[in-house]
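What follows is a pair of complexes built around chain A, which joins chain B in one and chain C in the other.
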Partner chain A sequence: MTAPKTERAPRRRRSATSQVQTRFAWLLLAPAILTVFGVIVYPLYRTVLVSLFDVRSALDPAPAFVGAANYAEMLASPSVWASLGRTLYFTAASLVVEVALGLALALLLNAPLRWRWLFRTAIVIPWAIPTIVNAAMWKGIFNAQYGALNALLTQMGVIHDYVPWLSDPWRAMNLVILSDAWKTTPLVAFFLLAGLTSIPTELYEAAAVDGLGWWKRFRAITLPLLVPAISIVVVLRTVEAFKVFDIIYAMTRGGPANGTAVISYYTYVTAFSDQNFGIGSAMAMLIVLIIGILCLTYLRLIRKSEMSLL
Partner chain B sequence: MRLTKAQSLLLEVVAAVVALAYLLPIVWTAVASITPARVLLERPLRWVPTDLDGSRYVAILTPGGVNGIGAGFLEAMGNSLFVAVITVAVALVVSIFGAYAFARLRFRGRKLTLLVFLSTYMLPQIALLIPLYFILNQLQLLDSRFGLVLVDLALVVPFTLWILSNYFLTVPEDLEDAARVDGCTRMGALWRVVLPTARPGIVTAVMFAFFLAWDEFLYALIFTSTYAAKTLPVAIAEFSGRYTTDFGLVAAGGLVAALPPVLIALVFQRNIVSGMSAGAIKG
Partner chain C sequence: MNLSRRTLLLTGGALAAVAASGCAVTGATAPSTGATTGSGGALSGDVNILLMKQAGWTEEDWAGVISKFTGANPGVKVNPTFVSYEALHDKIVTAAAAGTYDVIHMDVIWPPEFAEKKMIVDVTDRVPASWKTDMQGGALQAALYKDHFYGAPSFPSTKLFYYNLDLMAKVGVTEADIATWDGVMKAAKAMIDKGVSKHPIAWSWSQAEAVICDFAQLLGAFGGTFTDASGKLNFNDAAGQQTLQFMVDSLKDGTSAPGSPTFLEDDVIKALQSGDTAFGLNWESTFRDLNDEKASKVAGKCGVSPTPAGPSGKRPGVNGAMAFAVTTGSKNPDAAWKLIEFASSKEVQDPLATSAMPNWVSSFSNPDVVKINPEVFAACKVAYADSILRPQVVNYNKVSSILQVEIQNALLGSKPVKTALDDAVSQGNASLGG
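Showing the complex of A and B:
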């Protein structure tokens, strides 16, 4: 069968109307472009510039050009690699927790629960709580003197003495990941719920007629049809987790013993505590590079998922 | 999906456990905020306090605090409101026009521009932190609410532009064509047809944009130094470092700061899932 060719507009020289439309489009886009160039593209260009100079203060009149020296110093620094490693751990662990629990929550949200609205409400609230408030709350819960976790576990007889939960580097990292996941898992759940609700119910009815059990229906219908939504959420959450800063600052300030000093935090310290803006900018560019690679993956995915804008 | 009785009972139980896991930390924080400081430090902890203490709320909601405790909170709240409201308003206007162009007009460079916007949406704040600090310093916009609005726009505009574009695409083009046959200009059709039809999308965009601006921390942390411009997240982080002996104060401040977004989210629950389908997914 041949598709009717008339559907596509015949190729013509660019008509007057399309030129008018182009001019109109740029006019409409002008404020957005102005904003994005002024506050994003131009500053990003300045980050590249600063990364090539030895800049020690905000108003350095004539910083020395050092070429790639900042990058070389950055790549030779064990602390940078260590913080990169911590970021990767934070990202990978967050992702596993968030996607696994998020999928479970999405299935629950989609299930015929009697108190569905109550359940949904309980999950919406953490999503809306500001990151810093969430961080302060969990910092309180894990506190060594008055924390609710210590009180709960001693009264249940699980521990005998109060534990300073956040004073061990490795444990602190994992608790920060859990605290972060507490707030972000609902986000993943709602995103996956949007995917779940778009699966036609006829499919499940047909499967029920065929006598497929819950697990088989999940494997044969739900999971395959959710793959596009899951892949988008995985890439987006990877990018967001890789950027993590706020919760680290508010819960542990990168400590104890740098145990939670992720790359964003270390960049902030390098630039604004050590006043080494050159190396700080080089580190920022490293983060941009890694996120850029992640974003290219994302673009591929949304092209595949046929979001019609692109 | 049909479930057996045992299955649905199991589901109800699991849902109840999850809901509790989500509500209990908040409930404890709320109780701590009205428990006297000395009771909070008792061992074993009394989960339900016998006497209530509302002094933290009084302290943070009194200008200048009570004996200096809680000072700055009210100012921070005013700054947060100012920055969030202005940022959202400006971002909304800017992106309604831009989104219309992306969703409806065919023009050269459309795809490239769209890609640039989409990639800025993913850009980490830390990538712009150093130059923005230099630029704001030169413009004397450090420790200023307008400075914060300016940099927050960098976060919010790419985001609102993206979700509004997706929403405008869902408005049937025929509706608009009909309006234009009836003599509407393009702008008239945008105002009278597209915007009303896409109202749920606009509500969603405003909600998510408000959350972004209300939540913003890194810029506010670096670019402000006094309560002339410090926002609530900065104030809470400070409180949590300063008032280490009284968690109740941090809890009270945190709950007040969380109230506006939580109320908005509860009222507009239905818009959340649809917003996520339109590509709104920011932590």
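Showing the complex of A and C:
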């Protein structure tokens, strides 16, 4: 009878210690759990819920349940598909511009320049500017009547009458992309610069001994070893670019003629301007779904490329 | 017990379930819909008021009004928030559930939407019967829906026609010559020919409500209407087509500034203030801005008139009146209404006639008030008499968005005028019901 008691005592002690540790773990995790729940899980849950109802007012206490009807109406809307097309173009074009320019900048900033520290500091400035300020600045620059771009080009004799830069849908979209790239390219450059500095210099020295030129060194050493950094940048920027909203809102408000009405902006208009919260929520879920698919695809590609490097 | 992934998920699920059990789909409870009732005692507490920062009273004007109000009601603290017109509607909508604001500034096109969605309070019982005869009809319209008052008029408003007298003199054009749109176009072409102005007219034709206001004003001048007797959209008729064709042609021939499809009203003011642009439509407070010597190169050199006449012979102004409304989420409706009454009163409005016209009919014949802003009073008298109202429907924003895009499609040459208007009318009529 006494033997089992003496055996159980250490177990109880272990159990008591484990409980204390578990409570402490919960205590440490509680802020994170509450934050994630408050800013991600709960809003997502509410969005899914609202998307299943015909909600035409934030004050409607009992909206009608419509099931998947909002999703069906959304998918049947040509405007939704058109805005998705514009979003894909914005995402792809801004990604190409930002990665290409970012890579060029990173290579430049990695070169043994005399004032490198100054350039590295200066290049942070566009990224540090809030998006809304950046948008207001570019909107002013592109203003047809009193914008800086027309004034500059007129003084240089390039144009004789001012150009309404943001009046054409296609041109407006590309200029918004350019304005966005001006702000975000420094971030891309810094990511890639970090990747560049981690490449062992011995590799370049060996390549130089072998007589490889700049371009061959870039293709054989720099680019392959930058793939992980580029992959991270592509994932981050794809997600960010796909949900672009603020620069559109501040620069063009979706115009002219809906030429820059991307899916996030159209979702906002549907939900808040038209007060159709049901379809607006369904559109928000579509954005979540597409971004989720993009992320999973990229992560799989990154894992594959990492495996091939090993 | 280990802190497993399953435990974490279960915890999250439990939190979600707790939250779900406590909330309806929108999280809203049935809002109060009936008339608010007055209280006899002294008022106290905070009144949060959401205001438009564009045309009308400036922030300084408001500071003076609030100071006078709180002086007379020391227990009340008024907290104003100013947003641009373009952000005003959506700010009202997003703040409604939280009941952030007690008083909102409401455009003439929003009462059906806000009243039907029970976002604002029916105040018919509070409104004195004399308002119906003593206030401007256009101003009253901004607070009315289905013969019920959902607020108090904040000011009547319309777009007037502003012109640069210096530039006109250079081509020998008088004010009488620009009393019609034909005359304006002739003057504009003369200015281009003589190198006086490259593009003499600036418009606010951005994809925003601004383009609808300009279109409405021109539509009235060309003898058109937005809706027929049954309430269906009909602006794709001959008058509507002439209106839009006029807009398209003026962009093509260069009389209108090519940047107009990206301009809001503020851009038009800046264009006029620069002295390079001769003509522009804008709200009443523009005359104040053009004569502001700190910002304008044309101070004292501009004139103002009602909109030039079109083929209809009328000079109608678009009804752009605004109203104040008490929100259903207001926690202090009595103090809120008291503030509204105060801001709508003759005593407060008359001295501020440089920024916005007063609500009161008698102000227009009071020489002491008229002398504050005589040119604008004279122009408004004509424009208000023939004002054109945009459709007052619950889904106005949706209908307006459709028309904005189709007008721009025509302006940018993406669609012929008739196709653009036909598309706007068919899509708009489909959206009227919901």
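The working rule: the second predicted complex is superposed on the first by the 273 of 310 C-alpha atoms of A that agree within 3 Å, B and C clash if a C-alpha of one lies under 4 Å from a C-alpha of the other, contacts with A are read in each partner's own complex, and residues count from 1 in each chain.
Just so it is clear, a contact is a pair of C-beta atoms (placed from the backbone, for glycine too) under 8 Å apart; a residue touches a chain by one contact, two chains touch by 3 or more.
If you're wondering where the values come from, they're calculated on a predicted model, not measured in any experiment.
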item	value
Contacts of A:T297 with chain B and chain C, given as first, second, both or neither	neither
Touching partner for A:S167 - first (chain B), second (chain C), both, neither	second
Which of chain B and chain C A:D274 touches, first, second, both or neither	second
Which of chain B and chain C A:P130 touches, first, second, both or neither	first
Partner chain in contact with A:L29 - chain B first, chain C second, else both or neither	both
Touching partner for A:V50 - first (chain B), second (chain C), both, neither	both
First, second, both or neither for A:Q145, with chain B first and chain C second	both
Touching partner for A:A257 - first (chain B), second (chain C), both, neither	second
Which of chain B and chain C A:P63 touches, first, second, both or neither	second
Superposition-derived comparison: chain B or chain C, residues of chain A touched	B
Interface residues of chain A shared between complexes with chain B and chain C	18, 22, 25-26, 29, 33, 36, 41-42, 46, 50, 58-59, 143, 145-146, 162, 268, 272, 277
Contacting residues of chain C [partner chain A, same complex]	1-3, 8, 11-12, 15-16, 19-20, 23-31, 86, 89-90, 93-94, 96-97, 113, 117-119, 198, 202, 206-208, 257-263, 267, 270-271, 274, 276-277, 328-329, 395, 397-398, 401, 404-405, 408-409, 412, 414, 434
Touch list for chain A against partner chain C, complex	18-19, 22, 25-26, 29, 33, 36-37, 41-42, 45-46, 49-50, 53, 55-63, 143-146, 161-164, 166-169, 252-258, 268-269, 272-275, 277
Contacting residues of chain A [partner chain B, same complex]	18, 21-22, 24-26, 28-29, 31-33, 35-36, 39-44, 46-47, 50, 58-59, 105, 108, 111-115, 118-133, 135-141, 143, 145-146, 148, 151, 154-155, 162, 182-184, 186-187, 190-191, 193-194, 197-198, 204, 208, 214, 217, 232-233, 236-237, 239-240, 242-243, 245-246, 249-250, 264, 267-268, 271-272, 277, 280-281, 284-285, 287-288, 291-292, 294-295, 298-299, 307-310
For the chain B and chain A complex, residues of the former touching the latter	1-3, 7-8, 11-12, 14-16, 18-19, 22-23, 25-26, 28-29, 32, 40-41, 43-45, 47, 93-95, 97-98, 100-103, 105-108, 110-111, 113-120, 122-135, 137, 150-151, 153-154, 157-158, 161, 165-166, 169, 186, 211, 214-215, 217-218, 221-222, 232-233, 236-237, 239-240, 247, 250-251, 254-255, 257-258, 261-262, 264-266, 269, 272-274, 276-277, 279, 281-283
